């Protein structure tokens, strides 16, 4: 099959198309994002906590919506045959989907994470919570990679939602697990962020698992013979 | 210089409940082929294989000289494909879709698109979700036709249309096919549509190609005879596809109709009461029955 | 409709921009001699006079709102003229890039100027004394991350994003509906909706210069931005306000007078001097006065400018041309000059004149040295900022 990279022009078109289709949704996220960042930026403990909760919610909502709206619905709404009638291979298509979803998710994820860190660094909030914040954000990104992969491979709303529910339920367990670890909780109220081998190992594992999920998705996608 | 718009050689694919078996199908350039089959006959599978969307287990597929599915990207620049399960983006307008297609196909003919818009009685600024099924089919056709493909592949373009919309679509298609020298493959379970548009007609059933002939050959070679039979034992006549008896009356169908066939029947002891030419639908049904 | 194709220059907006920029320099310069800001302002002089407070706080209520209103107007103009993509490119080049380039430079320079003042000024301001005290602490706290006076650019970027977002989500419907309201209803709605936002912050409203967008400022200045946007896209809107301008001027002056009379003697931030800021009903009432004065005076400024400043003047055109650059560089220059004035035994009126004149002079000089002939001019000098070429007929009839 044609390798994906020879058809960059079309992949770009498909990503732009996804952007155009998701324009209204993205606009709504932007308002929510600015509001949340503004709330956290008011720099009182109360507004910071509300902002942080809103932010995690927002990240989960954006992830879930983009996987469903841009991937699963393309199959459900039967626009997939239309796109596949264009000069693309199924691999091009899958790569374009992966890219548009990652951009759509990764950019807000990154902005929100950086905002959160800036608030922590520039306010009296203990900088010791930074590893926790980074690890939780990274877990959310990893969960996103999981259900994006599920959506891209199965095109099934059921499976995708199931993976979302499971990973989000496990988020609570993950946070509780982190708080319970002495290596994490003992440095939480320190004046500066302290990364130790444990937290670094967890971070590396999360990143590795996320990448592995994406690579596995790409690999399984390539092995598919029938696409409609 | 290759002569065929597409060629499928010994194409097979096996699914748990369906097998496409050693399919050989080709269409000379500039011709229109109708693919007839009941639901589940394998029409869509055949077309998807041709579009490179499904990789067959074995066999070779070429369209416009490109190997499929290997060269599908290049091939799809020149093939226009629309199917009845194809939907456009509900939240966008037809204009948005036209702009999208134009940005992909350099050959997109804006003037022709505007013309088709008028002929199909569509509004460019209307959102797809506000269109009727007939209008949606027309919108899909417009998007496909305006890119002026060398090969047009339509999978059940008239399915689900009300009689008026169906008539409109068919007559527009017929018009368009006159205008252009394009090769067309289109499938339907409706023989009337096929009959109106096609030069070549292929009958497909249960994953097998039954026959492939040009339209005139079908209509000329098939005939039905109502006969009176005197003898009790079942008789055989050369060239009869089926003989149905009801008491002393027998209905004989042949695919080797000639001026002399009635005489042959008489000689075999069939007293011909009436003879009819057959419609394509009847020919198709007879074909399917024979194969099963 | 008779659409005039020739370019029409809206002189009054050019001129208004020039005046508003000058007012900004005067404002910052006046704070050094303001009794209310004595304990807070870096260059606060030992001597002061209430006259500076009256000038500073009255202009404060409408100067930045006028800028935001103009920004909204030009955003609509640019978007209509060039389309969304060119608009974003233009704004990135002219707003985002200067912010990113100059915020670090100005921060470093300002830090240096303050350090210099700490070392060399004998009659230190309370602010300098406070900084000096902090420096002697074993672990001196980090100065807060600030966008300085460039908060204007920073918040503008958010308004551009929000404009795009609202256009995408709502189309023109809401704006159309709002502009159909009666002028008085619209103003009342603006004032009332501003009160909660302004109530969140101290009196008079501060500069939202922290590195996070301030929600109250996004709402407060956003309304002015939206009004400016509406003035362009619904050209008859501004005409509807015109007949009432005198009443609004009176209302604005009276509201400000009451507001000013109720202001505390010293405007130290609440966290350093608890109990100095008004609270409860008093604060609510003052906030309402503040919002009223702010809205009607901003509107009056534009309406009167349209009548009185709609002429072409070489001087004002020049000031308008240099205004963006002057805005960027004036504050550190002013601080530097005023720190040096602290030890001089001059009358504060004279110091004020010398400070502003020298700042203006040096800013303009630096414009010719660094900007006018370099590629910086692409960022800071618009080619023809206030031209309408294919704009709506209503505006054309109007100018």
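First chain written, first letter: the chains are A, B and C, and each begins at residue 1.
Simple rule for what comes next: a residue touches a chain if its C-beta (ideal position, glycine included) is under 8 Å from a C-beta of that chain, and two chains touch if they have at least 3 such contacts.
All figures in this text were calculated on a predicted structure; none of them were measured in a lab.
A.B. asks: Measuring between Cα centroids, what's the chain most distant from subunit A?
C.D. replies: Looking at centroid distances, B is the chain farthest away.
A.B. asks: Specify the chain with the shortest distance from its C-alpha centroid to the centroid of every protein C-alpha atom present.
C.D. replies: Chain closest to the assembly's C-alpha mean: A.
A.B. asks: Any idea how many Å lie between the Cα centroids of subunit A and subunit C?
C.D. replies: A distance of 39 Å separates the two centres.
A.B. asks: Would you mind pulling out the distance in Å between where the CA atoms of subunit A average out and where those of subunit B do?
C.D. replies: 46
A.B. asks: If you average the Cα atoms of subunit B and of subunit C to get two centres, how far apart are those centres in Å?
C.D. replies: Taking the average C-alpha coordinate of subunit B and of subunit C, the gap between them is 71 Å.
A.B. asks: Which stretch or stretches of subunit B touch subunit A in the complex?
C.D. replies: Touching subunit A from subunit B are residues 48, 51-55, 69-74, 76-77, 80-83, 85-92, 96, 100, 103-104, 140, 144.
A.B. asks: Residue numbers of subunit A touching subunit C in their complex, please.
C.D. replies: Within the complex, subunit A contacts subunit C at residues 23-24, 27-28, 30-31, 34-35, 37-43, 115, 118-119, 122.
A.B. asks: Spell out the part of subunit C that touches subunit A in their complex, as residue ranges.
C.D. replies: Interface residues on the subunit C side: 144-145, 158, 161-162, 164-166, 168-169, 210-215, 218.
A.B. asks: Name, in rising order, each residue of subunit A that touches subunit B in their complex.
C.D. replies: So the residues of subunit A in touch with subunit B come to 1-2, 6-7, 10, 13, 17, 20-21, 77-79, 81-82, 84-90, 92, 225-228.
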